[in-house]
Amino acid sequence: MLELFDGPVPTEELLVRWYQEEAGSNYGAYIPFIGTIRDEDGISGLSFDIYEPILESWFDAWQEKATEAGAILKMAHSRGDVPLHTSSYVAAVFSPKRKVALKMINDFVEDFKASAPIWKYDLRDGKRLYAADRSTPISGSGILGE
Amino acid sequence: MLELFDGPVPTEELLVRWYQEEAGSNYGAYIPFIGTIRDEDGISGLSFDIYEPILESWFDAWQEKATEAGAILKMAHSRGDVPLHTSSYVAAVFSPKRKVALKMINDFVEDFKASAPIWKYDLRDGKRLYAADRSTPISGSGILGE
Amino acid sequence: MVRVEFLGPIQKEALEVEASTLRDVAAALQSDAEVKDWLESCAVAVNDTLVKSLDTALKPGDKVSLLPPVCGG
Amino acid sequence: MVRVEFLGPIQKEALEVEASTLRDVAAALQSDAEVKDWLESCAVAVNDTLVKSLDTALKPGDKVSLLPPVCGG
């Protein structure tokens, strides 16, 4: 399940609702990851663009991988502006097994950072500035420059 | 912070309260781990004994390690009986950095399983049976048998 | 004609390009001053599937998307 | 005398043992049929600190705890 929100994600509600959704599913381990906007470098917040068709197919491929391991994934992300100290990203894995869950949340979050078609902007002095220095080319990038 | 509860841990309340407690602390990553009792092998639940003095010193040593990495840890665990599909264990790391948080929740939970002075019992047919086959000798065990 | 779309921070309207493979798209974009500097760092999707070869065949109406470096979370 | 306590699933009341090192405690427990089989798998704490040497010195009033294999979570 992939949920997108305009502005901050409703972290408390998601953490509780996801727990309750799977309360009877007999998963032994639930590991959420929550990403919150830090006050640094004088920004007033971050802003995000998402390309949904490819985000959805990326997430579906991960859900399939989770299913093969007996696990499931849930994810929520913000579109648009997100103020300091609020959250823009919540992901979670549920698995019967602790070790599967610990490895999967790590691998999922790392691949998310490297591959999910989401662009980040600093909000500073009323401007929306692409965070080029913290961004990563998706694997296979550059073929048009050859 | 280490919190012990008679019976199930109040997972929803903990996940939300811990998030709110650190909402202004400028941590970028929050990763809880929630352990829930699975319905397997005909048990009606699990039960736990805890030796608190050593659990506390074990946790304090981890908190110190977290502090050195700029992170903090929180943990809650059950004492006594915990029914199926309720939770007995919630741990969490907060860190400025994603990678520190992902590594720390893994290492903390794995060391918890290997070292925390907590004993698990299956509840089955009205009896409380030590889960010897799933238990791990603490590092350095056996000196009295030499 | 295929439609070329620019995602995220690339501030550019979509283009219509005559192309039978991605190689034709690359040639058209390399001569476009506005977008040239993005090419080295962009991934490419055809009809919302990422592709990795310039030999990828295109047919009229296909959608080619350029995805600059990402940073979700 | 030191006090020897048995934790978790070891169903045994605490003992008072005459001991100047852990080696003396080991000798006393090895001759105790109720607890003998636990010794190979137990960790040992003196005054709530885990120790790894039989040469650990003990003084009157010290608390020695036996910790059988654990499984929290």
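Each chain carries a letter (A, B, C and D) given by its place in the written order, and its residues are counted from 1.
Throughout what follows, a residue touches a chain if its C-beta (ideal position, glycine included) is under 8 Å from a C-beta of that chain, and two chains touch if they have at least 3 such contacts.
Just so you know, these numbers come straight off a predicted model, no measurement behind them.
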Report back the single chain whose CA centre is most distant from the CA centre of chain A.
D
Roughly how many whole angstrom separate the Cα centroids of chain A and chain C?
25
Per the C-alpha centroid definition, the whole-Å distance linking chain A and chain D comes out as 49
Mind pulling the chain B residues that touch 2 or more other chains?
35, 98, 109, 113
If I count partner chains per residue in chain D, which residues reach a count of at least 2?
73
All chain pairs satisfying the touch rule are A-B, A-C, B-D
Chain B touches which residues of chain D in the complex?
7-9, 22, 25-26, 29-30, 39-45, 48-54, 65-73
Touching residues of chain B toward chain D in the complex: what are they?
35, 48-51, 53-54, 57, 77, 88-89, 109, 112-121, 130-132, 134-146
Residue ranges of chain A touching chain B (in the complex, touch as defined):
11-12, 15-16, 19-20, 23-24, 26-40, 85, 96, 98, 101-103, 105-106, 109-110, 113
